[in-house]
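Handing you this structure, nothing more for now.
Here the chain labels run A, B, C and D in written order, and each chain numbers its own residues starting at 1.
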Amino acid sequence: MAQQPQAGGGNSRAGTKKELPEHFKAYKHVWVAVEMEHGAVHSVSFELLGEGRKLADKRGVELAAVVMGESRAELDAAAAQCFEYSADLVYLAQDPALAHYRNETACQVLTHLVNTYKPEILLLGATNLGRDLAGSVATTLATGLTADCTELEIDEEGSLAATRPTFGGSLLCTIFTLNFRPQMATVRPRVMPMPARQEGRSGRIIEYSPAINEADIITKVLDFIADRDSDKASLPYADIVVAGGLGLRSAENFQLVKNLAEVLGAEYGGSRPLVQKGWITADRQIGQTGKTIRPKLYIAAGISGAIQHRVGVEGADLILAINTDPKAPIFEFAHLGIVADAVTLLPALTEAFANRLRINRLAS
Amino acid sequence: MNQPLHSVVCIKQVPDSAQIRVHPVTNTIMRQGVPTIINPYDLFALEEALRLRDRFGGKVTVLCMGPMTAEDSLRKALTFGADRAVLLSDRYFAGSDTLATSYALSMALLQIAREFGAPDIIFTGKQTIDGDTAQVGPGIAKRLGYNQLTYISKIRDLDPDGGALVVERRAEGGTQVLQTKLPVLITMLEGSNEMRRGSIETALAAARAQVTIWNAAAVGIEDLTRCGLRGSPTIVKKVFAPGARSEKAAMIGAEATPEASAHAVIDAIFGRMPAIEAQLFETAAQAAY
Amino acid sequence: MSEVAAIKVEEKLFSNRYLVDAGRPHIRVKPHQTPSRGLLAMTRLCPAGCYAQNESGQVEVSADGCVECGTCRIVTQGTGELEWNYPRGGFGVLYKFG
Amino acid sequence: MSEMQAQEPQFDAIVVGAGPSGNAAAYVMASEGLNVLQIERGEYSGSKNVQGAILYADALEKIIPDFREDAPLERHVIEQRMWTMDDRSHTGVHYRSDDFNEEKPNRYTILRAQFDKWFNARVRAAGATVLFETTVTELVRDLSGKVIGVRTDRGGNPIMAPVVVLAEGVNGLVGQRSGLREEVKPGTVALALKEMHFLPREVIEARFNLSGNEGVVIEAMGTITKGMTGTGFLYTNEESISVGIGCIVDDFVEGGETPYGLLESFKNHPSIKPLLAGSEIKEYAAHLIPEGGYRAIPQLYGDGWLVVGDAGQFVNAVHREGSNLAMTTGRIAAETVVMLTRKREAMSRANLAIFAKRLEETFVMKDLKKYKGIPGLLHGGKAQFFGTYPRLISQAMQTWFRVDGVDKKSKEGAILRSFREARGWRGMMGDAFRLVRAWR
């Protein structure tokens, strides 16, 4: 429930910048709250470190990561990775009660660290975990939080300018937290590029033992059932994605998308209207309200390229658009385009790819 | 538990964002004719509350903060089967961000506790479709000191007497099974249930029901600087339509046959990105063995 | 030509608002061998392009995009080929401007 | 239809439908203190309703005199354009008058979904109970056959009332399936399509030479309907343009056109296209219009029931009037019920006949009677009226206006010859005679 902005201009009261209250002036440095799942760092945290590095350099401050968990070995490994992804400093919170993510414990630890070490910017992934945690931390700290950002900047006055889509992706708005600290933002996975890893890079560790009394914590984790259907999560991370839109004309024709994806070893998805029509399930939806993807190659078949779709695919290295309408907006942002009927081109493309791969295999 | 179960469902009236268009010429939001609906995610929360009432008895109260026109959404919630509806409406709430919203709602929830009994479960949808933040639920839980359960896909077990609760929570890469105690705040995941249709009796009662309307003062908000724009630490400085990319697609001329076109397309892809060609052949070669 | 037209209808319908009552189509075509002239005409006449002829010549309906004008009901009256009802209250097309 | 023993009625009257006729009926009855239930299948009043749409102030003024204060009105009409079109041109009669910029304008463009919502809010404010998202499935009758209530798709017990006002529109399933009236016929009903094209209001005002809330209406006929009986239209709203076309369903069945193809070619007509350029389409609608006129009007009342609006075929196709007839029939039905309720008289067929009798005294029946021959005439002569004549008029205009060295006398001769050859003197005289006779 963000503010409801009017298009075309900000709010007059909001435009005036007040002096930051004295007690917030000590807040310094950029933090990333690292998300761990089963001992491994979620890649959104590395993406955030890459982005945090830029913000920290612009502010001339340090970049810190917060890791929390139970196993020292896992925490050390996570910290080492954070350094390699350019953190200067790691706050390492270790406690048996932190074995699994729970809002109560994580909120308590992160709030304590913020109040003790006073960062000016705190970034989290806009995952289920990140959103669960960010909301309660921001409320506890009574500071501003900009959720689900797609772009982070430091403005000329040194404030965090967090840009996020609004109204289902039809508009973007830039949001500031001028008079409160820290400035908090969550960022969606795959929106920021994965930064380069600097092997052997190291940094400082500040340890924190919260000494949580498990008996005080009401919520217990009874079980964790891992997804067997692993394809649910793989779409955002696939190297090649083939997607279809209404130009396919029927649910049956969507099979043509799947066929090409299979030959390419790719993931498949579709535009929002396809979900509304029930041709594909919601977890296959690509776009602002679905999955954001950053594949090397993205093939959009019969997708017109409404803005809400565009936001989700802009990070792709190479976008190929197939559409019958030469004026379709997708040709405005695709790299390669062909005016053709996807229903006839897709099978030909599938066949041609399969042939070339087979020939190459025989030759090698 | 001696008291019957009391669930409060927080709903929001939102513009149907699928219907919002930005005008191609003026780059402004075309709001005319964009219908307002109950935030679709909130319907999963409401249905879950109604199901608990079916099983354990008690009452379901719906709460909505918004303009006076939000009464329509509350009445619709009554048609689905909620027992009572509260509209929190005051011009001082205009421009609230998530922090100010969760403050106002938590004050209204305290007032609900005083007038209708303390809520055992507060439900919200996982997020709204206009703001998409998913932050108001956690904010309310923190302010009221309720246990926070977000992205809940299933309520496995509830012991209303002992207050114990077991739920399934959608986490990254899997499902967490959590055990906790009432009172709790639950944000429901989409697809966890399907909204019912109220009976003719329910619909008739809803059409004639009185919606309780409270302003800031009625819920005990004295410090208005905690509300609306003044109570919002975040400031929207700029709203803009996404800009066009400077470079348009390089067009591949369609050939006489789809086969010829397909080869032209593949040549163009491999020409632009030799790495993908290499990767494809490598994967294909591996698959062969 | 008909394909192009079909795409255009899809695009027109995309600007509309619907609440589809999944699994409860409000129009059904009864099993038939040969469609009546009226029913066959609906493959061209339906403003939402809901009707199509299958390979063996029968006419099928997919009513998700239906704008509830009732033309098919009028055109096939007396043939008994259609089972036509309004969608359940609240479902179907929801006009923003009308 | 189910038969029941008489139960205690829960309401004084039930109105089926929340379009102009249903809203008028429910509003008048509720305002007069009756306990009214109105049942609407849409999400809100207006969500299933489609019209061009022009509101005629007079009919609404008789129900809500101060409607101008808060009703969502788009533009008041100051200019009417009547166009005869061939494929590349139009010949127009335009009437524009500053007199239409009066204090209480006579005609407005409206958006029905918004207008109906407003009207229905007034219905509720007047004290009626309104159920949305509820479809009436059947009438309930007592053993004598008298209608005593309705059942809905929400199941449960029937809802009882001594009288049911059927304001259920052109596809009025309840009345038709209960045998109260016949099915609408493909020869007397038009299928109309409409799109909403959005443009900034300044653009609309510049294109149509308007200022403030002034509006323009274009009604068009000719080759745009490809020989079918029908008309096209274009209305200016505040920041949108309603554009549409409609033809008799029978003609569609016979012809080879798709309705949306017809709409596309109308929109792409060189006289229309520039008016819509650069617009954003936000809705596509289709609806049936009962155009059978006087001869198609069904039985309007019976024991415990009345029919109003489109369900009663109350549309004047010649003057493109419908919503005013709907509101007027709704109002008079309501006044009839109010009077009988006050007198504690039965809602019997004999008593409800007052409704039809009162209608005879209004413009509704007088106008429909006057034009009773027109629908048949136009349909029968559609080749001439929607093809030959528009082409001839366009050719004549072009011959007349093009300066090309041909002397004027020869031009006059050429024009007359073209008419004679195309239709023959006898044919033209006959058409003119039939038209005049039907018009009287």
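We take it that contacts are C-beta pairs under 8 Å (C-beta built on N, C-alpha and C of every residue); 3 or more make two chains touch, one makes a residue touch a chain.
Everything numeric in this text was worked out from a predicted model, so none of it was measured.
The busiest chain interface, judged by C-beta pairs in contact, is A-B.
Among the chains, the centre nearest to the mean of all shown protein C-alpha atoms is found for B. Centre-to-centre separation between subunit B and subunit D, using Cα means, comes to 40 Å. Note on chain placement: the centre of subunit A and the centre of subunit B lie 19 Å apart, centres being C-alpha means.
Subunit B and subunit C have Cα centroids lying 33 Å from one another.
Within subunit A, no positions touching two or more other chains are listed. The set of subunit D residues that touch two or more partner chains comprises 43, 111, 113-114, 132-134, 152, 154, 196, 240, 282-283. Counting partner chains per residue, subunit B has residues 18-19, 21, 33, 35, 197 touching two or more of them.
The full set of touching chain pairs reads A-B, A-C, B-C, B-D, C-D. Every residue of subunit C that touches subunit A in the complex is listed here, in rising order: 3-4, 6-7, 10-11, 14, 22, 64. Taken in their complex, subunit D has these residues touching subunit C: 41-43, 46-51, 53, 111-114, 116, 132-135, 152-154, 170-171, 173, 183-186, 189, 191, 193, 195-196, 240, 242, 249, 252-253, 256-261, 264, 281-288. Residues 1-11, 13-15, 35, 37-38, 42, 100-104, 107, 127-129, 131-132, 134-136, 138-140, 142-148, 161, 165-168, 170-180, 218-227, 233, 239-240, 264-265, 272, 276, 282, 289, 296-297, 307, 310-311, 314, 317-321, 330-340, 344-345, 347-349, 351-353, 356-358, 360-361, 364 of subunit A are the ones that touch subunit B when the two sit in their complex. Across the interface of their complex, subunit C is touched by residues 246-247, 249, 273, 277-278, 324, 341 of subunit A.
Interface residues of subunit D, counted against subunit B in their complex, comprise 37, 43-44, 111, 113-114, 129-134, 152, 154-157, 159, 196, 198-200, 203, 238-240, 278, 280, 282-283.
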